[in-house]
């Protein structure tokens, strides 16, 4: 094996790689479903990092056995935290896909740009103002395009 | 523009974390509280599985918070999806293998799920893992027989009382003049099934709660009726 | 730490990273979900390697099992459940060639 | 003292049981939540007036401080915990429909999580409560069931998902370095272990992660959308209180653990950027709710500038601004309940709803900082403190702050002028939006609070001063949570 490459380094790079790939995926995906997937991947990386923070290379799993002497054990606290984090993650993921199902029903597709446009149009319409004067996001990420003609009907369809 | 910023951010983050990697000595954690918990937990909590004593003892309120999050997610998903209670018959019936396999495997899954929950304080596993298997056990028939529906009312009763009993066990300790969620009852011999005081009870509550929440989440997602 | 563990970790790590990338670039949504569950499965194995059996069990049951089930059920309800690449699939790569699937 | 935990446990218990109770008896179910919150108010109010020695630390599960999770109660935490329960009661979703049980359960969860955020003294436990608050918020926003609410919630969910990944990474870094999660224990260890590049990275990660809720500059894209689609009562709770709780966590981290100049500078810069982006967007906004959302970003930016000030008076300014913003913004969102639409529709609304218009004017005056009102005092404290700093960055902060005040004046009084304008000669007479009685009553409550604060400004100032001194004292925190350390390090 290459000198200098340790198990910890491999694990660290894997964890970091998963987080980076996940975050980049969230930012770059043009499809909302992929954003959820990317988030799941990023969370997996964060969990790995958390377990890694309590990992001891010369130790056994933190379960007491009837033995004469107890060998060193890995840190149980991060493992408990990760148990919590995994379940939290799956709860949020389930909520996210349920919302996606509704978005798809209301807006007809899951393209990030189109959904954002339709949402803006709807917010503006419910406030009773024309769309082209309410385009103020702090990050300047709203593409300006005329109000799609079918928005009104797709909104009316789900009273 | 946004993509570029995001990429720069993700890249910068990665670079920063890689740069400081040399500063962290993974593999030899400081274990300032970990070690103390390891040596004290057999006396203080009495579970052979130390992760369990951390999850339910030392960090019990985290677990309570986590149950609450699952409950919140299931309620919110219910708000999003579950407002109509009509099931259309458009779904195809599951295949032969799914149908009979599901019926066959159901008792096994149930047994395994409860076994994992009951032994959570001794061996790896516990309320979460067992709960997931329970949810799978109840969800499987749903896949096999689309017409069949989970009884949402029963499910929500289980959900409510499992969650409530977790808190009530904690409050019982409070009423006894101890701290909230303090482990009670005699702790008996380390490693036997009846040991670790209230921990197994807590894990049963966790298992039922997790199972019920996930089953209702899954059944909400699986119903394929359209919105009209 | 033995040499074997090192190799297992290396292989698992490479496998997970490549399936993570795959999950985000592949055209088909179902394949993407499968790739994501490979990541979870690899993670569960890594956890087992790191002496975290509880976490490994949870990750296998929740991450690889339940989470994939949720995503797959969602795909079915979203109408994206298709083995061949359909018209609505889009991913990282199609972000640059957005114009073509605007229909 | 142990029953302090009831303020978290009872709302959770109520939330779990509510769906079943509601099915058995709707009357009982409807009363369950308010009773629990009322009891929480009573409990915390009792603590406030009964002379107990604060601060104090309560070990949960009977495991002492660095090993188990503890609740830390000082005057600041008590103040916020009380505000959470009270505001939960005020912003309670009274409206009845088929989802009442679920919405009320979620609201109870939100209150429990917020109380936990105010009280908890453990890093990971804070993260759990933070996530709980986030998920409960998602549920409450989607309860309004408009398509835009779904889309807005999804974006919020993704953003806060990124935030939680970053927070987890930060926690993992801190844990790998120190091996502990207790804030007091971390505060003990921080000078030797965390005051380096690694600590700063971990801090930055957690800051951005928690900053999602605190409407911190780069991660606040969700704000206008959520406030425009959620019910006004919920928006009031989120903008008024939840953002302040996230701020409280950042404050604790800053005081206890990351007491480094770089950490403070980052906050100052992000705060300045937040003020600029928020106030300009608010000035351009054409409808009430978005205007309030952007204005809230700007206000939080100002509060972040106050957070970056080094000494006790800076903290005093921070507290004053936060509480002031809490009262004003919640009140304004209550008014937005009826006046949510385009600003054009408000022309001449003062005639039909004189009380509402008067309240709006009062809030606007105080927000801008007109002398007798508390807003003036809060802003004045900040200005004097900023001017006293020698670093050039603070000077920029001061300039931006003054600019923001000018912009605020401009857009708020544009509306006031519209409210009182008698010129109803616009081409198409816009339909008047009715202001619901409940919202008006709630807004009046905040107006009265504001006026009372104006009269009692001196004692309140003294009180805040004491709270600030206590919150700034890291040594006191450590001594309270880990009283004696036999044999030095744990």
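For clarity, chains are labelled A, B, C and D in written order, and residue numbers in each chain start from 1.
What we mean here is this: a residue touches a chain if its C-beta (ideal position, glycine included) is under 8 Å from a C-beta of that chain, and two chains touch if they have at least 3 such contacts.
Just so you know, these numbers come straight off a predicted model, no measurement behind them.
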{"item": "Centroid-based (C-alpha) most distant chain relative to chain A", "value": "D"}
{"item": "Approximate Å spacing (C-alpha centroids) for the pair chain A, chain B", "value": "20"}
{"item": "Approximate Å spacing (C-alpha centroids) for the pair chain C, chain D", "value": "37"}
{"item": "Averaged-CA centre spacing for the pair chain C and chain A, given as whole angstrom", "value": "13"}
{"item": "Rounded Å distance between chain B and chain D, as computed from the means of their C-alpha atoms", "value": "30"}
{"item": "Touching two or more other chains - residues of chain B", "value": "3, 13, 17, 24, 26, 29, 31, 33-34, 37, 49, 51, 58-59, 62, 65-66, 69, 72-73, 76, 80, 124, 128, 217, 221"}
{"item": "Sites on chain C at which at least two other chains make contact", "value": "52-55, 58, 62, 66, 70, 73-74, 77, 95"}
{"item": "Interface hub residues of chain D, defined as touching at least two other chains", "value": "124, 128, 131, 135, 138-139, 142, 150, 169, 173, 175-176, 179, 181"}
{"item": "Contact graph of the chains (line, ring, star, complete, other)", "value": "other"}
{"item": "Chain pairs that touch, as defined at the top of this document", "value": "A-B, A-C, A-D, B-C, B-D"}
{"item": "Interface residues, chain B side, partner chain C - complex", "value": "3, 49, 51-52, 124-126, 128-129, 132-133, 135-136, 214, 217-218, 221-222, 224"}
{"item": "Chain B-facing residues of chain C, complex", "value": "52-58, 61-62, 65-66, 69-70, 73-74, 76-77, 95"}
{"item": "Of chain B, residues touching chain D in the complex", "value": "13, 16-17, 19-20, 23-24, 26, 29-34, 36-37, 40, 44, 57-62, 64-66, 68-69, 71-73, 75-76, 78-80, 83, 153, 156-157, 159-161, 163-164, 167-168, 170-171, 173-174, 178-183"}
{"item": "In the complex, chain C residues that touch chain A", "value": "1, 3, 5-7, 9-10, 12-13, 16-17, 20-21, 23-24, 29, 32-33, 36, 39-40, 43, 46-47, 50-55, 58-59, 62-63, 66-67, 70-71, 73-75, 77-80, 88-92, 94-95, 98"}
{"item": "Contact footprint of chain A on chain B as seen in their complex", "value": "1-3, 6-7, 9-11, 13-14, 17-18, 21, 24, 26-29, 31, 33-35, 37-38, 42, 48-51, 53-55, 58-59, 62-63, 65-66, 69-70, 72-74, 76-77, 80-81, 123-124, 128, 190-191, 210, 213, 217, 220-221, 226-227"}
